[in-house]
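Order of writing sets the labels: A, B, C, D, E and F. Residues in every chain begin at 1.
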């Protein structure tokens, strides 16, 4: 046998195996970002049946909930609005002070000033249609008006103190629109934009829709979320976001799209790369472990290792609380 | 907005979305391969608790089971031995006519002569240790003796009529050893070798170990199955197998390794690429759907589409029976 | 300003800066390898004046010295022989049981069985000339005879239980020669070869020569260590070692050769990459800090971060004991 | 052994070793640039304790100091202001005729008209905060106002006769701002811009802060100097500077960033590449040699050879005076 | 105008222009190699009418001639045999001690031991046909027998002390044949092979044929020297030589083949690259200058700069004596 | 010998050699462009001593001279003004109807309407300084005013009927300025711009300066013609011209810059590539042949083959008349 074909010599010992991990496959607290669903009632606390162990919270509840996590090393959160305030066609309430996320940003910045606060920006939590853009009469997205609304909401979050704006709407041109707003505000250098660059129209989002009350009232999102099979659109979307100035790129969902993560990272090695382990992934790992198919910690660590291996620097995951414990165990 | 940045125009219509799918993301019966666990008792039929809906079968049961599937278009199976015959240190029984897989090969070739018969080759079903190679006193693999045994077993399957030999043992140099045997037998041109080229030491194999009674009696397989994080060893293993003559390459497990599939396919576009949707993946999709997190058909189709998008030509999956139905539904 | 040209938004916050670190720039205990100079006297302990804080030790002293380090997470050591046993022209004593390194290997394997033991292999500690190969009358290296001696020494270390053979001699063809020996011994899968692939004829080795008593008796090593300016030979040497079967590659010295590390890693991403922060680097960082030019911890961490950034997976450094403490602080 | 694996034949002779040096690794006077710290007192001469042998000088002292160096071949200098004139929040004095650097430019252009005069441009020598940009109340940089001030200072240096403007401030967009000023002045073709493109927040700057009295009054520069581990931001910064019209790029510090030099040069081979061997590097080589760890000339030449090998065309170094002598010796 | 399009700012000053030279365009003595024609008569000295100023010399004359050149920095020569000893069909005399080149090698090694001695190896100076290989009856080259003779001659030069063997014959496979001989002799690490890898069937060789009496007696060399227009064969020849172990590659002639030099260097950056400024080039530059079309020094320096720019590390040129003077002037 | 290393089999036969020529190395009349020096006196005819056989001509002489050449296939000419009309600082006369080139354009368009008429555009034939741009008091180019004058002259040629405008001045931004003028004139689609994109400050221009009376009155052109060694500026200049809309790119001079031609063509394969075999090249080939160093036809054909091989589509050469004959011979 050619000596270069004897591979066992490279990984027979635990330390050798760590060396084979190569660059960027370890997991540290700073690689994790915790999604938080913020509700209107400041003391609210609501379990989400499809995502066992995940809660919707008001800002007071949230503040208490975060304390032990920050102590364990939590560095970043991603806020979602779940509001019952009166909605309209264009999502005006998203930019209002009454949006519970605005309060959440301020509260975290007061209580945990070092915690990095990222905020999801979209129209779907605020529109009657539940769609991520303003609709025209023919049912198509009005891209121009949608951008105006998205920028308006993003601006209100920036003024509240958000560190990272994370637009998840998939409208064409939103990154540039947000960056232009930041430049006008004079705060382009104190706010990051993490783009949901490559977001597929996936069946893995099911539980989230319960969590965030975000299912569209009619139709689906296939006209703006990417077709499952499309590498091409995925690459074009990532490229566009880089050109428009995104500070970080994202691929969503996670596990079933690691090939896309790899390819985006290979093309854009200069930008930090996020991946979203979405609600359906959370649920299936949870239920699989509960049914005894595998050990939860082992399987979650394997999926996160895989995400890191495929190029992700940032992993948005509902398992963050458990992971902070697991990382300390090891 | 730069006109090349308006992406919605590329996928607002269902037909446009299909065009974006790009090459090789559709799923046809010939892309599927069904794993079958063959037991000693020719009329045996045993449910596997950790894999609801999957059975271990004797050759008679199997023959009956296959009939409707072949009618629906099944083109390929992958056989595994689950035997209680007296084992030893080197897995001698694997190469004996009493190995139930030998009978299964012959039976399928008699009853369904057009069905492509692939056979898993390893030592673990036949050794007392349950390890995939012959062990030395110091607990390390004796690579040379292991190759001799693997070749012996493969040869018995070839003589029984197998179309595809699929070594899953991860010993160094087994592809060349098998190909040399085939050349000596004069049947290199009637037997393919599908290498488990890139097989990780994964937590997703849990249910399979129940299914195939294949957990090692002691220790683990980390000295020969690849470390989860290692792109480097994965690429070296695929390269080696190509050089040694593998007809097809495989990545295993599936979903959490799509980045590896992408990279192997990019480096070896000339070879058909297989992916194994393993038992743990089957279980979590099943349980997730059962718990209402998502629709089973939608989620299975999404994962298979993802596998195809990442470069897989052949998908080995326990969902094959359902898929044959779903594909007919369209 | 074009929005993609506003870079500050990507790194104004500590967590954002960590994300920018990208893959593989964190430092963990498994990234460190501690060099140990082993002397004949089993209870010996000798300070090295040119490397303040570094010791030569006998095997008893070494065993005691290692205990707290292992407790703090030390995973790997690299042993060097410093012997006064009677030398000859071909370094025969290197392969003798009296070589103190042989005892050191056995002792570590007994006391700290999980510690990965790498051993430097060369002729210079054992030859009268102090050169790394056997010399011919015309002063040129006798490459063939040198390989025979190197393999002989390597074999004695393998039989003593070494996990990793690390040839530092720079003879042409030594990796293949060592791998052939391992294959003959039947232990190619339990011994790694970490090649000093790219070793330059550097002025940074000064203090080491005192430490290991390894200055050549006459002449210099420019005929076998690489010219400082040569990218080309560096790349050819790394390529050759990969083809000949090296499990890991090394660049030596470290800091002034990060461009070479980058280029070797880019060409050989499949192999773990080691870098040697050599004695002169240790000395200048130590003396620079002592003179108040910079803080020792900050500067050592910066150089190691740089090494990781340039592609190194393994860092061989005399600062390992301090680093194990510093890593726990942080 | 394969004949292409015999490498010794390529470098056994000194002339062969020179050939292996490949392109661009020799060092000539035109590869060197001497930093000069200019103080208010025209006859001032102040030693810098942390950089033994380096002086702060007034313009008369400087003129005398330069004479023998020019005679030995000095071709380029880089001027830094060290002024005690009354500072303010925006660094207005930087653009005033009283800035000692203005006088120094004129003096050199009068006395040594062929000497290329580069001038460092930043706000930190002139602001009360000691930061490189104008600060807003929230402690963040006011990027827009910072650019206005930087351009103002650069313009005063251009009008005084500077050949090269070298902005070291790391504000977003300064290269374009300076080039726009030059175009307006009608002298874009007689002034070069050498950008400190890739300047890391390094611990190697310690002694310089004493030399130039440039430590910030509070906080640090991590919000505008690059994170140590970030290849991505480094590449984005270099790319931006090329697009904005920089005539030369720079990486700073030097030794620990040769991988970055290599990568920037590979991506921008069309632009001359500078590297700054900073104060901490000077100090550690000096102290290391003083402590006997290595020979000063040998080690300085090795580090400069390494810089050239990694792609640097221009080396800014405090060793320039000694190097001019050493180059003549050889 | 976009600021990056103002190029004048990059080269308005002499020092800026030197920086633009980039890597590897300066010329130093070690970049030059002087061809010497050695005749039988040890005291011979013969002008060559077609190459004004170039001489054929015996070894005594040569020794005297070299003295001032070595004093001025000459580092390398390339020897050619011009013999009148009785020739035959296979060039046997080339390997005899009476070959004047054998004496020349020894003489130089005695008188100027540091001078690198390269020796041209071919059959044409020794065969009746004047062809570079042994001919078969059908007029085609007998490649196998040619290799035997070439190796025999090369071996006699090696035993005489040559540092570099430079085969110019263009037979298929000669590099491997020579390397095998060196390996057998045990001196692969003290002899370099500089291959005339890419030698075109050029009209620029005219004067050389007078100089070396090397015109073939009949026919031409188009069956073994490359067609003028062929990039493809040029690249294949260079690749082959690298694989067969050549230490240096060469392109010949020089000026009209700089595109080929560029392409070979780009593909083989790891190997030093030689270029031969052949006799016809020498003649036309000489005559052009004599006729007043340009200044000789300026035009020779421009052509050599061009050669260096295109990737050449070594320039074989008849202008070497003048260049050694010119380099000192500057 | 590996079978792929036997190269002789690819070129032993003349037809095989032609096949090896690859794409684009043949020479046809349409690959040639003839430079013509036009003087004020319409019947003038002046030999140029430094370019034996080349003439300066008035438009009547020119018309007669062209007749047989057109008959032999001449397809393109490049006109140069050599005028004695009163010059000034800004070259105003260049744009006047009295400029003899204006008449020449009209005459050719009348007499040989199918002949492609390219016209050199520069200020040096018309300014007192003899420089290619308008000078400021400090001796630097006034780039803005120069562009205005160049555009004015180009416009007068366009109005006279020129097909191709060929600016040779090397001012920054002239291609865009000329294209803007063409667009304003409404004739962008009937006039090509062939940019002297990459024009080096070469010693090969000597005889031309006599031919065109174009030596500058003082100083040299090194501030706007490219430094000989600069690949980087060459690539940036070609890139800029492509971006600004050049229809064809040119490298000048020819022979010593084939590496640059190769690289420009590799980067800009979409644009036709011109090369200028300049006066000094003409002279040295002429004198070399006259002195018997080589055959003129063979050597000219070899140099043109080399130019074609390196990527040139258009060759501007004074040998065009002879070549038209030689091409017919063959």
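One rule holds for everything that comes next: a contact is a pair of C-beta atoms (placed from the backbone, for glycine too) under 8 Å apart; a residue touches a chain by one contact, two chains touch by 3 or more.
Everything quoted here is computed from the prediction, not taken from an experiment.
Excluding subunit D, the assembly's touch network remains one piece. Chain pairs D-F and C-D differ in how many C-beta pairs are in contact, and the one with more is C-D. Matching the C-alpha atoms of subunit A with those of subunit D calls for a turn of 90 degrees, to the nearest 5.
With every chain reduced to the mean of its CA atoms, the largest distance from subunit F is reached by B. In this assembly, the C-alpha centroid of subunit A lies 64 Å from the C-alpha centroid of subunit E.
Subunit E and subunit F, compared by their mean Cα positions, are separated by 34 Å.
Spacing of subunit B relative to subunit D, judged by their CA centroids, is 59 angstrom. Subunit A and subunit C have CA centres that are 42 Å apart. Shared interface positions of subunit A, defined as residues touching 2 or more other chains, are 1, 4-6, 8, 10, 12, 14, 20, 22, 25, 176, 188-190, 243-244, 269, 272, 311. Viewed as a contact network, the protein chains fit none of the simple shapes, being neither a path, a ring, a star nor fully connected. Here, these are the chain pairs in contact: A-B, A-C, A-D, B-C, C-D, C-E, D-E, D-F, E-F.
On the subunit D side of its complex with subunit A, the touching residues are 136, 138, 140-144, 172, 223, 231-233, 235-236. Residue ranges of subunit A in contact with subunit B, taken from their complex: 1, 4-8, 10-12, 14, 17, 20-22, 25, 50, 140-141, 143, 172-173, 176, 202-204, 206-207, 222-224, 226-233, 236-237, 240, 243-244, 255-263, 279-280, 283-285, 287-288, 290-295, 298-299, 302-303, 305-306, 308-311. Considering their complex, residues 186-190, 269-272 of subunit D touch subunit F. Across the complex, subunit C meets subunit A through its residues 1-6, 8-10, 12-16, 18-20, 22-26, 28, 30, 75-76, 114, 116, 163, 175-176, 179-180, 182-183, 188-193, 242-248, 269, 272, 308, 311, 313-314.
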